[in-house]
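Please find the structures below.
Okay, so subunit A shows up in both of these, paired with subunit B first and subunit C after.
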Partner chain A sequence: MLSVRNIETWYGPVNAIKGVSIDVAPGRIVAVLGANGAGKTTLLKTIAGVVDPFKGSIDFEDATINGLDPDVVARRGVVLVPEGRQIFPFLSVRENLQMGSFARSDKSDIQADIERIYGWFPRLRERVAQHAGLLSGGEQQMLAIGRALMARPKLLLLDEPSLGLSPLLTREIFHIIARINAETGTTILLVEQNAGIALSTAHDGYIMELGRIVAAGTCAALSEKEDVKEFYLGGSASAGKGQARRWKRRKTWR
Partner chain B sequence: MESHVVQLVQLCLNGIAIGAIYALVALGLVLIYKATEIINFAHGDILMASAFVGWGLITIAGLPFWLAALVTMLLAAALSYVLEARVLRVIVGQPQFAGAMLTLALAFMLRGAVSMAFGPTSRTFPTPWTGQTTHLGPLVIADLNLVILVAALVITALLFFFLRRTSVGISVQAASQNQLAAYLCGIPVKRLNSMVWAMAGAMAAVGGLLLAPIALVDIGLWYVVLKALAALVLGGFGSIPGAIVGGLLIGIVEQLAGVYLPDGFKDVMAYLVLIGVLVLWPRGILGEAHGRRV
Partner chain C sequence: MPHSDTDDIEVAGCNTPAKLFRVRAHKNPSLLALRHKQKGVWYSVSWAEYYVRARAIGLTLAEAGVARGEVVTVLAENRPEWAYVDLGAQCMGMIGNGIYPTSSPEQAEYILQNSQTRLLVVEDDEQLDKVLAVRARCPLLKRIVVMDLKGLRGFSDPQVVPFADFLARGMELANSQGPAFDAAIDAGRQSDIGFLVYTSGTTGLPKGAMISNRNIMFQIEMAPEFLGIVEGDKTMSFLPLSHIAERMGTIFNQLAVGQIVHFPENSGTVFNDIREVSPHLIFAPPRFWQKLYSQVELFMQDAIPLARALYNYAFSEGKVMAEAKVEGRAVGVLQRWRFRLLAALALSNVRRFLGLHNLKRSFAGAAPVPPDLLKWYMAIGVDLLEAYGMTETTGLTSYTPPNRIKLGYSGATVRGVEVRIGAGDEIQIRGPNVFPGYWLMPEKTAEALEGGWLHTGDCGALDDGYLRITDRMKDIIITSGGKNVTPTSIENLLKFSPYVTDAIVVGDGRHYLTCLVMVDQDNVAKFAQDKAVPYTDFVSLTRAPEVIGLIRAEIEAANAKLARVEQIKDFSIIEQLLTAEDEELTPTMKLKRKVVAQKYAAMIERMYP
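For the complex of A and B:
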């Protein structure tokens, strides 16, 4: 469905992505894991057309989408929920959701879709008329995801949906992500710091470091790898001794 | 009624009419600022050029007033649209200063073009209401002032309806509050920005066609942009209701100062009031208490 081929993305002199290829099959949840600064956000922004890749190509449903403006990419069905709760602060919750369906060609059952989103995120229903800027951080994240779903995306890109949320709310959001995927068949590509919950929710995974993909596979397989266990799931390396080993050990990504 | 009370009311009415024009110009500036974060210093020159074009269409081409007004609005809208789409879009992402310089340059170019095309003389054009008055008890009101008021009210109401009730209008607000999120919703932000400029341009044309019959068709008409900027700061920069309140206040203050204060105060008084208000309320009268841009 989505195929990213050898993209390289630069911010001025900074090379944030150094040749990345990933594939996303229809109906799957795909997670991209990686440390801070690995280039995960840049990867999603490049796919969504917010930044243009310097090299490489991005194909979605057999059409090249790199170089298109982000609003055009969104209308093709690739919708990004960016890092950090990007909502419209002075519009009401309801108007925020309506904006999500702005570019939709069939406007017939927008009301039904809004209801469906309130079903997934009941907290939003209680605050329909409130300015979105007055919501709590978690509620804003729900609104941002709900707004993206109003576009009826074919591929939903989620950038750190758990950022700044309590463990409880994180679990709630990931539970809903899995439900959305199961109920609507929406394909999801998500980036996450919380490797444990991402690997248990997603089907396939990629691990990114310093602008490159260093491991790929099904989430079940990835969870079994020693390196992943140690560096992302906080597994075998025990406290104290682990600190020293972290420095010495070279990651081999077998 | 005593004669000086009548005079006071009369002056306030005139002030409201002029103030309504300032408010229209200020509204255009706010719209442009909210959409593209540019202060359009060429806005007054678009108004001035529209007055000349209107004059040309009415007295040279012989078009009826309404048709001339419509054509002028369309031309001003087209000019503003092209300016945004072809010139100002190039500097997106540069510091605001770049936008200010660019619009100042455009302002001088427009002024130069108009003075080359029409020469330095002032002119007038007839309107359906020129010279007519309505008597309201002891008050004598020029019909032109009533028309100005009605036109300003109608345009403001339409603008509010558009921004608050229509999907495209709400998307204009959305794009000004969070441009990235607007793009990601599939809102064609670039086209929307050009459209906002076009709307503001049409409003400037209306301002020019209404102002010219009371102030002559003259190169100096561009000067209203300074009054409108003062009105914006007075009302609270970036606030749409503030632009209206500020415009009306400056219009009234000017009229009163022209009669009750010594010569020369008319043009200065607006700015004196502005300074006074800013000392009392640094954000302006209706300034947003919760500014998003900190």
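For the complex of A and C:
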């Protein structure tokens, strides 16, 4: 469905992505994991057209989308939920959701779609008329996802949905992400730092470090890798001194 | 100067390195001895400070119960403390020793047990963890000293002491026991063992080669002429200090010439730090020179066309000049001037870019050197000289004299050392640089020194005083057709490619030769990127058809230079990204033939359907 080929992205002199290729098959949830500064967000922004790649190509449903403006990319069905929610704080919850359908050509089912989103996120229904800026962080994240869904995306890009949320809320959000994927067949590409929840929710995964993919595979296979267990899932070898180990073993990704 | 077997070898009236250390520290106490980069800032250590710290360590070692002739081991990356401990121990008549920081706990355990180490100095939390895991099986180990306490707050153990406390205690002791330290230095004899070097053990378990004071003094006597640098020049200490070459280079050659030794921030910053320091001398394995060369080649691919054209033109002129130099031909005035102009425009910038513009002398050794690499360096104006030696000869045995370069040879034997070619073309060596034996291994010693000559296990030839090394004797391949093939020379051709880091040729008892290739991740990834070859992780990079085609082209280019029986018919790329911690590599990042052949047996079999 989406195939990213050899993209290289620069911010001025900084080479944020150094040749990344990934594939997203229809109907799948694909997770991209990595530490701060690995280039995950840049990857999503490049796919969404916010940043243009210096090299490489991005194909979505057999048409090249790199170099297109972000709104054109969105109209084709690739919708980004940016990091840190970015909802409209002075609009109500309902207005925020309606904004999501702004670019849609068929306006007929909007009300039905809003109802469906309330079905996934019952808390939003309780706060229909409230200013979105007064929602809690978790509710804002739900609203941001709901707003993106209003565009009826074929591919939903989620940038760190767990950012700033409690473990309980994180689990809830990911549970709903899995439900949306199962019920509507929407393909989802998400980047995450919370490797545990992402690997248990997604089907396929990529691990990025310093602008490169260092490991790829199904989430089940990735979870079995020693380095993933130690560095991403926190299952570390015993330190022998009754305290956490500070130094890092070098990773080999076998 | 030939030395009789009985007379001591003396430099500046000293017959041990410890005495020479004392003389140097007292003669010019304020001169700089060491520099160390920490968090981007260079810190300096004068000879007086160097001596005072080594003395403090020596005295505390004695107080901790380490006696003369007992072993003190260091497990750390290169840093000044390494030198303080090594020289401090040797001044007290103790034996220095080192463990590669990339060692596994099991490897560290073996060396601690085998050397009967009494006291171990480790770098940090990480190295301490290795030792804590195995110390129960090292009953002779009395104490562990830790240099860097980061991450160890709240940790306490009766056996473990911080380096700072250890040093401070020694400073206290020096107030009352200064004469005892001098007496310990005076008691040193030339026949005493100075330090141990564990051989990397590509076959079987590592052996601790004993290096005597006599061995060291012989090298020190030779060093000023061989190194071509003087007091105050700069060098960089970046190969592992547990290796004979860097141990001599950093600690003992410095006693001979008094250069300022620089320790890099860490092993990842070496290339940058070299650019900053711009050393006067570099000794490095071919892999290091290879890396610098491929940096330039790839950089030039991305340069603007004008710069590229200028570089290529200057380089081809440089090659002509280099060839003329090797053949001893004179060059026309016009050509000489043209080259000078080009060198000033292009090649001097290449040298500056690499940090090589101050070089007075540079050596490649510790592994066979691809001849094309030597030519490339000569063309840019760096006369890279080949040297040959081994742990058992205290490093150097032969080197190329700078005014009489002969490509394809590992240089001329140093004065005072005899070389002969024995059975099976084996190179055999006798002289004051030959070690007295392996630590606590009399049978191995007798084997290596049979008949009074060191049996190197390398085969080669002597032409006109120049030594040519063909291969390790046990590595020679005999094909099923009965042809003898030396794999190293073939691998060398392949290694010149910027895309190939290392290769292993196999084919013993087979119809034809094949090879396993370890690719250079950075350069191959760049190739894939430029050619828009999609890949995700390292495995998928090595499996990409274009990458396989790239390596095939490199192999075919090498095949064109080889005789029929030596040509490589098939190859496989190693799909794992190997690091120094992996058992497939030696600490100096060479592939271990035996381990690789075993580990990738299935891969090799597939190439012989």
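As a convention for this text, the second predicted complex is superposed on the first by the 242 of 254 C-alpha atoms of A that agree within 3 Å, B and C clash if a C-alpha of one lies under 4 Å from a C-alpha of the other, contacts with A are read in each partner's own complex, and residues count from 1 in each chain.
Assume a contact is a pair of C-beta atoms (placed from the backbone, for glycine too) under 8 Å apart; a residue touches a chain by one contact, two chains touch by 3 or more.
The structure presented is a predicted model; accordingly, all values stated were derived computationally and were not measured.
Look at A:212: by the touch rule set out above, it reaches subunit C but stays clear of subunit B. In the superposed model, A:5 makes contact with subunit C only, not with subunit B.
Applying the stated contact rule after C-alpha superposition, one finds that A:19 touches subunit C and leaves subunit B untouched. Once the two complexes are laid over each other on the shared chain, residue contacts for A:220 go to neither subunit B nor subunit C. When both complexes are overlaid on chain A, the residue A:50 reaches subunit B alone and has no touch with subunit C. In the superposed model, A:102 makes contact with subunit B only, not with subunit C.
The residues of subunit A shared by its contacts with subunit B and with subunit C come to none at all.
Of all the residues in subunit C, the ones that touch subunit A in their complex are 124-126, 129, 132-133, 150-152, 154-155, 525, 528-529, 532-538, 540, 576-577, 579, 581-582. Subunit B meets subunit A in the complex at residues 167, 170-171, 173-174, 177-178, 180-190, 292. If you check the complex, the residues on subunit A that touch subunit C are 3, 5-6, 8, 18-22, 55-57, 206, 212-216, 239-241, 243, 245-247, 249-250, 252-254.
Looking at the complex, you find that subunit A touches subunit B at residues 48, 50, 69-71, 74-75, 79-82, 86-91, 95, 98-100, 102-104, 144, 147-148, 151.
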